[in-house]
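In what follows, a single structure is set out as structure tokens and then discussed.
Chain IDs A, B and C follow the sequence of writing; residue 1 opens each chain.
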Amino acid sequence: MNIGFAARRGLAVLFPVAAFLALGSRVPHFLDLSNLLNVVRQSSITGVCAVGMTFVIVIKGIDLSLGGLLAFCPMISGVLMLAGINVPASMAAGVLAGTAMGLFNGLMVSKLTVPAFITTLVVGQISQGLALTINGGSSIGAFPDSFVFIGNGAVGGIPLSDLLLLGFLALGFFIQRLTPLGNHIYALGGNETVLRQEGLSAARLQFFVFGFSGFCAAVAGLLLSAQLDTVQPTQGDAYQLDAIAACIIGGVDLAGGRGSVPMAVIGALIIGCLRNVLDLLGIHPFMQNVFIGSIIVVIVYLSGVVHRQSELATRGTL
Amino acid sequence: MLEPLVSMRGVTKFIYGGDGRPLRNTDVKILEDVDFDLFPGEVHVLVGENGAGKSTLMRILGGIIPPDRGELKIAGARVNLADARDAREKGVAFIHQELNLCANLDVAHNIFLGREPRRRGLKDAGEMYRRSAELLKALSADLDPRLPVARLSTAQQQLVEIAKAMSFRSRVVIMDEPTASLTKREIDVLFDLIRRMRAEGIGIVYISHRFEEILTIGDRFTVLRDGRLVGTRPIQSFEPSSVIWMMAGRSIDEMYPRTHAVEPEPVLELRGLRLAAHTPPIDLVVRRGEVVGLGGLVGSGRTELAKSVFGARRFHGGEVRYLGRKTNGWSPARLIRAGMAYLSEDRKTEGLIPPMSIRENLSLASLRSVAKLGFLSRDKEERQAAKLIQQLSIAARSSEQLVSTLSGGNQQKCVLGKWLCTAPRLLMLDEPTRGIDVGAKAQIHKLIDQIAGAGVGILMISSELPELIGISDRVYVMREGGVAAELEAGPELTQERVVACMV
Amino acid sequence: MSAPVTENVQSGGQGEGGEPSVQAAAAGKGRAWIASGGLLNLVGRNVALFIFLALVILASLFVENFAALDNAEVILKQSAIPAIAVIGMTMVLMTGGIDLSLGYVVGLASIVSGIMANTWFWPAPAVLASILVLGLALGLCNGLITQFMRVPAFIATLGTGYVLYGLAQIVSQGSIINRLPRNFLAIGRTPMFGLPSAVFLALAVAVVFHVLISRTIFGRRLKAFGFGARAAALSGVPAAWINVSVYAFCSTLAALSGLLFTVRVNAAQPNMGGGAFTFEVVTAAIVGGTSLFGGVGSVANSILGVLSIKIIENCINLLGVSYHLYLAVQGAIILLAIILGNLTNRRA
């Protein structure tokens, strides 16, 4: 259903990017196994964020609070861990905090009709500010081994980060394809009037979607800090752009209603590869941002063109 | 004697004022004391002009709006429908003119939206596809339930909606102009389907203005006029001229002012204008000092024509000649500067800017005339506003009042005032007296006469036949994107004649 | 709101709402004021002023050292540059859009001005003119992308913002330029009546734009477009021009802000401004009563918004509260302002 359609559109976009990657294979060390595994490991953060972001974009919203949450949630967990609280509880606290912020976003969007971009921007700012406040602006680190293992360990030869990404991919796919909730979410993005006519509540769906996005951001943030064994208050900035780019490259339509989680995750992997290749070529991270920023604008424009041509037919002779 | 599926008695619906409350003390109501029945296994056709009340009556049956008076019985039991869903649960399905589907989902997911079958807590897609296929097969529709709805033709989408209705085991199906954009073959398929539904005992309400179709598929027909029931008859007594008389045969009591004289010089000429790729070419002329009426049913292309002339809509061929110059592709701003004006039928979103004041709304299309070197002259603006308020008898305490606080009639006068400030040579009016009180209507009629008397060419779109006939010097009747007839004022310009050309 | 129906009816007959009788004329004026949405309007139009006055009063009473002349001077000096930027953002918000690249334009303008002044030895007027042209060009890009490519404003400006951020970093090659030439610094630092010239520059810009928005055809069209784009378009308002020009103005003013920031701290750096500054400017505009949906906005009120924000910041400093916490508080402020705005503004 949605995969078939999104796949076809995603493919049209992925092709030039794939071509670029083919060229990238000429870059030294890119195809080394260790490098590729590293790419996947780093992409897992963007990937987990993209899972949550997909549903947000499908319901015609956007989540700009990722940057702040990616710092705020691990900061909470980190402080608790360093204070001696056991790892699972600390992590749970961080995840709860992120989910709560996400639910707050949902509240603002559904009940107070504040546009998503402003409310998530603000919540992101608030989270970022709190992340900075909690430790006076400096980073914390040296976490218990069990925590660090999540970011850097492997099970059966496969890095835990990758497994976590796969897990979230499965979760997202599950919601999208295997639950009635998934159908309702896409219906909300497609035609809200019809959704309401069926007696379904748009508000509840918005709550869930934003809450889920906050949940994903929280987990991603914890994963990031586990990988780095540190929480830097500004660590989330880079991933904000990448998560949105991942969804857009993966064919998630900003106009709403179309896009699939697996494709968004693939988009995240592509972004990861892109960054990796550019890194190996010695291109400055900020120049990479230029590149990615331009891609977003171009893709949105192209998808707008395609979208207008395939609109639902209206009745009447004119 | 069969028990009717649906029985509506004495249904009345008031007009609602700008403050959201019903106006009970006027003579004009949207529906007044209408009775309507539907028996199992019949196709009951509902006929009437624009504004006759057919859609409103069906929206009441469909649970979308409540009646103000009267009772509704479904399957013999009295009901008060809470909303559309409630109506559906009680067996009434409404197939609207505008499609009610999610384009991004496939057929099955549209049909079962909100009641997806489950298996062990998960969505059972297999069951969805299986049941959808069954429903579609029962309608003889050759559709794969996995197809995204966006890929389907209009006729196919309509079948999906019908399948959805059937999945609720509806006994009553309301169809609002279902054949509006279907090909001949698709119409045949639809009619086969309707016959089969009828054979199963389903009752169908069929709203349409196409007489040949009505004769083919209908069992009984009801004619509404101005919100009142004119009559319900068996299809055997359906005779076009008598039906037209039922639809439009009203006495014209009012005298419309006519002091203007038509001059020969053309202000607007349309040569071979095509509103869409497949509609016939239109030739039309409006002269100086002439009031040209444009009649036709909703959807026949009247507004589209006006907007095409005004540069607000793309058209597909032909020429627009304004004051002797070809103006194809000119923007509204350019045309306004050249003296063209268009008063839209949707005054709240296209005619006025509700949060702005009367003064600001009045000057909006002619800012240059109240400004010097780009700077607005508050003084000039206020004087202009005061003058217009007085000339048009706009009931407001000050020109600073927000237009959102004005009544419909006064709002319309504001919009008219805005266009008068542009010193127009061609004034196009789209339903200028819709939704306003009798007194304001009379004033606007008088104004139209005066404006024409000043040498302005006027093109007036109206669904109110007495007004159209009373004011116009000539009337073009539109039908399905083209002009069906041109009628001169005089003995041949009667309501029945106009309606006959419309359908 | 409609007066009771009486016999003396100008529009004839009974219809939607009657007309006032002669007896009601006495109460007519008051009712007229209310009928024109007067009360709500008064509050809605002057929220910024109320907030500002409330803050001044509260701060004077409860915060030590606030009500001092040199403190007021500090606040004025800190408000000057954001005031310039908020004017542009207000215009963009009035069209229902947003410019998320504002902070990044500031950064780019900062480093470019430093290079022009220090590395290329351009005279100050040339630097000023070039920076304004740079801002104009960047703004035109934003405007053209939003208007003609139909990309939603927040995505378009987010994208261009990132691009500009990257560009600024590249142009600066990672370094900051200090010790800028004196005639360059004179642009914003020349003392006039005891305050740096930047303050008066801001005042001048404010006056110019206030007149532009409230008294010219352009301003009226801007307002109409923001309130009702469709009705405006059908009344001959050229939507495309308006939309593009507000983004052009916004980035031009942002570039000017960047230059003035550089002058103020005597350092040209690519990180100047940034997302935090964009956020601050948006907060100020919204506290100043600008509506996110378009139409409502004024230069004077937005500047009051800037002053209000700076007063809060000042108090935070005086009270010794962590600046990082203030960032979080700023977010709460903007949320409150939005909710309040939704309740009291004029949009029908």
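Assume a contact is a pair of C-beta atoms (placed from the backbone, for glycine too) under 8 Å apart; a residue touches a chain by one contact, two chains touch by 3 or more.
Just so it is clear, the structure is predicted and the values come from calculations on it, not from any experiment.
Highest inter-chain contact count (C-beta pairs) belongs to B-C. Put simply, the chain farthest from subunit A by mean CA position is B. Per-chain Cα centroids separate subunit A from subunit C by 32 Å. One inter-chain figure worth recording: subunit B and subunit C are separated by 43 Å, centre to centre, where each centre is the mean of the chain's CA atoms. Every residue of subunit C that touches subunit B in the complex is listed here, in rising order: 1-2, 9-17, 19-20, 28-29, 31-32, 35-37, 215-218, 220-221, 223-224, 227-228, 230-238, 295, 346-348.
Residues 98, 145, 149-152, 154-156, 158-163, 165-170, 279, 282, 292, 322, 324-332, 334-335, 338-339, 342 of subunit C are the ones that touch subunit A when the two sit in their complex.
Subunit B contributes residues 17-19, 23, 25-26, 310, 312, 331-333, 336-337, 342, 344, 349-357, 360, 363-365, 367-368, 371, 374-376, 393, 395, 397-398, 400-402, 404-405, 407-410, 418, 436-440, 442-443 to its touches with subunit C in the complex.
Of all residues in subunit B, those touching subunit A in their complex are 84-85, 97-106, 109-110, 112-116, 118, 122-123, 125, 146, 148-150, 153-154, 157, 177, 180-181, 275-276, 278-279, 299, 301, 304, 480-481.
Of all residues in subunit A, those touching subunit B in their complex are 1-2, 5, 177-180, 182-184, 186-187, 189-191, 193-195, 197-200, 256-258, 310-318.
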